[in-house]
Structures are given as structure tokens and as C-alpha cells.
Amino acid sequence: MNLLLKEIRHNPLLWLLAFVPVVFVAHKIQPEAHTLHFVLSVLAIVPLAALLSHATESVAAKTGDTVGGLLNATLGNLTELVIALTALRAGQYTLVKASIAGAIVTNTLFMLGASFLLGGLKHHVQKYNRASARLQAGLLFLATIAMLVPSVILVADSPAGSAFAEKLSVSLSVLLITAYALGLLFSLKTHRELFGGSAQPETDEASWPLGLALATLAGVTVLVALVSEVFVESVQQAAVAFGMTQAFVGFIVVALVGGAAEMASAFSAARKDRLDLSVGIALGSASQIALFVAPILVLLSYVISPMPMDLQFWPSAVVMMLIATMTASLVTNSGRSAWFVGVLMLMVYLIFAGTLYLLPPRLQ
Amino acid sequence: MNLLLKEIRHNPLLWLLAFVPVVFVAHKIQPEAHTLHFVLSVLAIVPLAALLSHATESVAAKTGDTVGGLLNATLGNLTELVIALTALRAGQYTLVKASIAGAIVTNTLFMLGASFLLGGLKHHVQKYNRASARLQAGLLFLATIAMLVPSVILVADSPAGSAFAEKLSVSLSVLLITAYALGLLFSLKTHRELFGGSAQPETDEASWPLGLALATLAGVTVLVALVSEVFVESVQQAAVAFGMTQAFVGFIVVALVGGAAEMASAFSAARKDRLDLSVGIALGSASQIALFVAPILVLLSYVISPMPMDLQFWPSAVVMMLIATMTASLVTNSGRSAWFVGVLMLMVYLIFAGTLYLLPPRLQ
Amino acid sequence: MNLLLKEIRHNPLLWLLAFVPVVFVAHKIQPEAHTLHFVLSVLAIVPLAALLSHATESVAAKTGDTVGGLLNATLGNLTELVIALTALRAGQYTLVKASIAGAIVTNTLFMLGASFLLGGLKHHVQKYNRASARLQAGLLFLATIAMLVPSVILVADSPAGSAFAEKLSVSLSVLLITAYALGLLFSLKTHRELFGGSAQPETDEASWPLGLALATLAGVTVLVALVSEVFVESVQQAAVAFGMTQAFVGFIVVALVGGAAEMASAFSAARKDRLDLSVGIALGSASQIALFVAPILVLLSYVISPMPMDLQFWPSAVVMMLIATMTASLVTNSGRSAWFVGVLMLMVYLIFAGTLYLLPPRLQ
């Protein structure tokens, strides 16, 4: 417990934890102040996500390379998963899908691009391990195809069409989870020597003892779930109040909030010329959402949500995911980077964000 | 003749030749048993295709490198050509187009992916000559564009539109055959040293004398043509009986049946760590179908079929061909392979096959 | 002035300057002979473009590397800019957009492909600096996405949709010009050592003194503007007379005419095995049009044209730009070239040109 308090004292990001109780109080005494709820819940989720990711890494560090790698690979996006589950239970399918597509695009273009830019402003040319980037880009490519195919083929809104969409989405989800598991087997077990060096998490912060880490993991997950409910409830009205479209909120805001902690790690690694780590965090997180979080949500939707969710995205989301994947694949092909590569990736992200921001509501 | 019998004795695949007479007998005495005809003709085509490909290679081996290369390049997919010609004469354009698109996708994703997987399960990391893979991928890319452009532009069903489609398809066919011929000139003549090693066919089986090879080539082609008629006639009813859509049968079943013999060679080469050969067979076969078989069918359709066939494919077929080509191009870029690369390619293929299998008939 | 005359005497292309006065005379005495005007103005623009590009290079050579690089980067496509401005003032948006898309596709596929083919027919295998090709391909990729996104999203013809299209186009234009400027900063300043060797212009022709060069630049620009008016006025009727569609004229003819001078330089460099220079001219020109000329035209349209122009292209133009960019990116990936690479690129160009040529007017 002392360790936890010490960590909080030293990390200014964690001071935002003060907003966690504020959210619940505000929700109680001003139940109609949606914009306030939205802002407060965003401010509360960011430090909780940072705690979650630190706890996961601590457990992983204690349990050895293979189990630890598995833990990181399954719990690394716990925040995104919990937010999406809350939205799913509330039947907000558009928000769930927008946040999945947005997390993939944001991690691939913004997190990686900003890492390249921030690293490149300090170091002239940076190198990193191509093998890991190629693997993650390949997995992302597979996931994008799995989301592209149903979206291309499904035009009909007929009953036959929607039964087909459900069956197809379940099959694709199982296939993606299988591919993800085999990818872990490949990178953690049979060909781990190819990925050497890129897998270790940042070791600057002291790792916690197992008990504290597990307790934090459990407690913070509950807190994230509670704050997420306020967030999901308020997001629609807040979007209107800020003049933002719902596509923009799901795609950009949720993705930035959920990924804030990972971004901090990726950027700091890039500044220290440890680009292997930045690429691993950014693309690893994107492929984890595409091949693990998204299919899990589809499968869980049969249990917890009013009606099943499919993997069919609207065309512009598919196009954006496809372009993000292609960009990542082209850019990481050389294993070298300079600041302008980051600028190019951020510009592509800006095109997407700007388009979604300007989009008039009727055209969404 | 003795050699032929010896070959048949040693190769269990060829024992299936027994089904050739059975097809004709069954067709005579049970003219309405379409499902039976379908199964029997599939079982008969597989060994005939293996004989054809062995005969072609034997003739090629006897006639020197350049003429031999030309022969392999033109007759290597004789089975697919004969089946498609039979379907063309019967006016079954959908089946012809599905089998062209399916053969390209199946050879690129399934044959190459399974080679990588089977080879990778035995050998840790495998290397192959990138030059040949790049050439074939480039040719495939050109062919895919040639099939994409008319499909993107043509929306109208008007008479002007269909006259345009015909003119365009003939021009594109001539262009593709020219590109294929120039590609042969490049790889067999002016820059053959770049492709060294990847061109020789497997020499494990003894090559036949020229007379036997030519006689086999002629006789078996006639047999394939006869069996194909039963196959094409029965395929539609069999599809219904098996609960498969026609797109699935054309795209997946015909492609697997027509390519079974080449697959056996490609897989066996991969297990022997001769991945150059596997890549050459898989991508060479795909580009041959795209740049030689398909355009020849368009041109011949003016002579032998009820009405001319164009190069316009339905959108999902174009998307699948485009993705298959891009996958091949990305994957062969490094000239190295491990088992997981094969898994990724097979998963992409599975997505396509699964989608076509689940597709309700009304949405085709 | 003597130098100018000497240059003209030695360069047969410049003898076409005789057509400049002929255009004006013909326009005066036969105001209705549109086909004649079209042919004469094409013949007059080609040598004027050659003079413009020589004058720009002379000024650049006198003003040092950085200012010179900037000058080349902004005035290198002055001819295309002046023609497009004339068409813009006349409200011919389709012609402007077709000529932008056409210049990108023609420079990328035709100029680069023909350079590879002409160089490859003389030299067995040619090498060039990949860094420059990768930078230009990256910029082109960004520009293509900036043109793709509005075209994918905008389906509605409603007032809300068109206000959105205007706002989005202005934002994207500013973003593209910023990316172009940062790209210059990267290649001319912070990382210039990566691009060494590929930036110098051809030094075979003697460079002019600054005074002559500036005077030529000013005088010839005025002449191009005047001839462009005749060209733009006559192009529509001439297209009908030649049986060409307007898309074909804008996409192919204008692009070939405007780029004739650069093509002459690129081809001659390729024959001399200076492929760095050819790649630099071809892709540099394409990215300059996409990231500088096109956005400038959008912004200027608010000042000089009847109504603002947006960045929304018709789908087939976007597909062609996307394919051209992908082809350039795939092809330049290896930094090596042989004649067949050129053939493949020219074939892709031929598919586009042929499709546009055959396109019936109603389907444009």
C-alpha cells in the first residue's frame, strides 16, 4: 500500500485519481449535468488506465516471460475492454464499433506517428527491430480483411442478410482469436529469438509485489467499470454540447482517453531511442484490439447485451482501418525512422480526425 | 506404355484413374444422379490433372530450357483451361469467372500459404529467391488492375455500356497476353540469370520419352474434356444438394480440383526446403491463369460460346483477387518465411471461403 | 539574348516555338477553327514548357542549393499551374480536376515507366537512391488519401454536404501544403545527406545568366498563359472532333503536353544510367502537383473563379491515383530496375488510357 502511495506521489498523471470520487459525487448530486460528467469521467479514466497498465506489467514481471507475455497480451487493453463492455450492455453498438475502429487507427497512426516524430526530433535516424513490426502489421492486415469482407458483401438489410451477418461475425471472431493465439505462440515460443529485445516492458518504475499488483488490478478494474458507466451515459449529450459528432467522439476521444497511459510509455521510450518498445506498444496494442478485444466483444454480446453485435463496420471506418494498416506496413518496412515519417503518419491521422470532426450529423 | 504403368503403380494419386471409366458408366446408366456424377468427376479429374502436368514437364525436359519453359508456361494449367472451355461452351459464364478468380486466389493464398506452413513446420526459417516472386506478383498486380478497372467503371447495364465492356475486355485481354509474353522473354531470355534455380521442375520422378509424353498429353486432354462435360453438367445440382452456393463451388471446389496435382508438387517441395520451387509453382500458376488462361477464354468466347464473355467480375471477386495479390506481394517481399506466415495466408483464404460458404443464395 | 538564340538553334524541340505566333494569328483570322487552335496550341505549349523549365533551373543554379531547391520545388510545374489557372477562371472544373489527376498518374506511371524501359533497354540492371523515391512515394500516398477521403464520404448532393465539402477541401489543402513544405525542410535541410546525388539537375546544357533567366521566366509565363486561353477554349470542341472523351483529353493529353519538357529530361537521364535523376523528376513532379499545385488551385479558386473548387474527385480518378501511387511505392521499394519493370508500369498506364479512350460519353 505504501508502494502504491509512493508511486502516486511520484507520477503527476496519477494525481488525476482525485477525480474518481468527484465523478461519483457529481453524478449523485447533479444527475443532469452530462457535459460535466463527461469531462470528469475522462479525467478519472486516464489515471485509472495508467494504474491498470502498471499493475498488469508488475504481475507479468513476476510470473516469468511466457505467462507474463500472455498476461500483457490479454489484459493490456483492459481499460478499452471495460469501457466497450459497458457500452455494449447499454446497447450502444455505434459507440462500441467506433471505439474499436478508432483505437486501431489511433494506435497505428497517432501513437506510432507521434513516437517517430518525438524520437526523431531528438535523434537523427532511429532503428528498430523489423520482425516484430512485420508480425503485428500482418496480424492487423488479417483483422482488417476480416472486417472488410462482411462490410463489402453485406448490402441487403433483409432477414437472410442479418442472419448471415451474425453467423459470419461469430466465425470471423473465432478465427481472429485463433490467429492471435497462434501469433503469441509464434512470438513468445517457437520463434522468440526473432523478437528479442522488443518484448521487455519499461523497467524504470519499480515493479510491485504480486499481492499489491493483483489487488490493484482487481480494484481498479471495478473502478474503471463504474466510471465507464458515467462516461457512456454522458457521452451522447456531451458530444452535442461540444458540437462534436458521435463518430468523432467514439473514434477519436474514446481512443485517446483509453490509450493515454500506453501513449505516455511509447513516447517516453521513443525519446530514449528505444523505438523497439514504442513500435511494440503501438502496433501490439492495435493488433490486440483488432484480434482479441473486438472478437471477444462480438462473442460476449450474445451473453450480456440486448442483441448480438456483428463485425460489420460502416465503409469509411473500414477504409480508415485499411489505410492505417497499409501505412503501418509501408512505414515499418525499412526498420528505420526519421522525424518526417512521423509527420506523414500524423497528417494521415489528421485527415481522418478532421473529416470526422467536420462531418455534418446527417451524413454520418 | 510400360513406363506409364510403372508410374501409375508407384503414385497412389494415380490409382484414382480407376474413376475415369466409372464416371462415363455412371453417366450412361444413371443420367439423373447429378450428385454422384459430380463426386465421381472430381475424383477422376484429380489424377488426370496429375498425368497432364507430368506429361507437360516431360516434353519440356526434352525440348531444352527455352522451349520447355514456354511449354510449361502455356500448358501448365491445361486442366483449368479445358474445364473452363467446357463451361464456356455451355454458356456458364458465372462458373467460368468464378473458377478464374478462384484459381488466382486459391493458388496465391492456399497453395502458397500451405507450402509456407508445411515447410515451416519442418524447417525453422526458410529462404527463397525473391526475384521470381516479385516478377509473378507484379504480373498478378497488373492482371488484377486489368480486372478491377472495368468492374469499377461499369455500372450501367445499357447497350452502350455493354458494347464498351466487350471492346474493353478484348483490348485488355490482348494487353495481358502481351505482358505475359514479355514476362517470359524477360525471365527465360534477357534476365534469366536473376531467376536461376527457381525454374527447374522437380526431377524426382523419371521423365518420360518424348513419344509417350506427347501421346499422354493428347489422350489425357481428351479425357479431361470428356470428364469436364459431366462435371460442368452436374455442378449446379450438386451444389444445391450439398447446400453450397454456386460461387463457393466455382471459387473453391473447382480451383482445388484443378490445382490438386500442382499442390502436391508445391507441398512436397516445401517439405524438402526447396521453397523456390513452391513459390514458383504457386505464383506462376496464379499469374498464368490471370494473364494467359483468362484472356484466352475471353478471346475464344467469340468463337465457341453462345455470346462473348467480358472481363467484368463482381465486386467481391475483384476485392478478393486484389487482397490475394497484395498479400502475396507483402509476404514475398522479404524472401524469408516461417510457419506463421503460412497461417496468416491460410486465415485470409479461410475468411474468403467461409464468407462464400455462408453467403445466402439471394445475396450472391 | 544571344545565349537564348544559341539554345534555340541547338535544341530541335525549341524550333516548335515558331507555332507560338501562329496560334495567335490563327485564333484572330479563323476564330471558329477549334480543332486547328487545339493542335496549334499543343504544339506551342511544348517548347514554351521546355523554356520555362530551363529558365527555372538556371535561376535555381545561381541562387544556391536551398533557395534553388525551393524554386525548383515551387516553379517546376509552372506550365501545368498556368494551364489549370486558365481553365479555373473559365469555370472548367472537370478539366482542371482531370488534368490534376492525369498529371499525377502520367508522371508516376508513364514518365517513370518509360524511363525504366528506355534505360533498361540500354543497361542490364540499373540502381538508384531509394531514399528519395520513398519520400516522394510517401508524400504521394498522403495526397492520395487526402483526395480519397472526401470522395468516399461524400455521397450526398445536399447543401449541408456541399458546405462540408468546401470546408474539408480548404482544410485538406492547407494540410497538404504544410506537408509539402515540411518535406522540403526534411530533404533540403535536416536530412539532406540521405538524398545526396539525386537532387542536382542535368548540367549538360549551359546555365543562363540570372538576368536572362529571370526575363525568360517572366516573358514565357505570360506567353504560356495566353496560349493556354486558346487551348482551354478549343479543347472541348476538339475532343468531340477527334472522337475523344473530355476525361481522356484532360487526363492524358493535357498531362502529356504539360509534362513534355520534363519527360525529355527524365528519358535522357535514364539512357545515361542516371536513374536517380529520372526518378527524382518523375515522382518529384507528381508529388509537387498533388501537394502544391492542386491545393493552390483550391485556395485560389476562392479568388479568381466563378465558384470555389473542392478536392472531390470522381471514383475512377481516385482509384487510378491510388493504383499509381501503390505501383510507384511497390516498384521503387527495391532501388533496382530492369526493362520489364518499365513495361509493367506502362501497361498499367495503357489500361487507364485505353479505358478512358473507350469510355462512352454517357458513362463518364
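In this document, chain identifiers A, B and C correspond to the written order of the chains, with residue numbering beginning at 1 in each.
We adopt the following convention: contacts are C-beta pairs under 8 Å (C-beta built on N, C-alpha and C of every residue); 3 or more make two chains touch, one makes a residue touch a chain.
Predicted model only: the values in this text are computed from it and were never measured.
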Exercise. Rounded to the nearest 5 degrees, what angle rotates chain A onto chain C on CA?
Worked result: 120
Exercise. Copies chain B and chain C touch; is their interface built from the same residue numbers (over half shared) or different ones?
Worked result: different
For this session: Report the inter-chain centroid distance for chain B and chain C in whole angstrom, where each centroid is the mean of the CA atoms.
Result: 41
Problem set entry | Sequence positions of chain A contacting 2 or more other chains | 333
Problem set entry | chain B to chain C touching residues, read off their complex | 134-135, 138-139, 141-142, 145-146, 148-150, 152-156, 158, 160-161, 163-164, 167-168, 171-172, 175, 178-179, 182-183, 186, 190-191, 194, 329, 333
Problem set entry | Touching residues (chain side chain C, partner chain B) in the complex | 124-125, 315-316, 319, 323, 327, 330-331, 333-334, 338-341, 343-344, 347-348, 350-352, 354-355, 358-360, 362-363
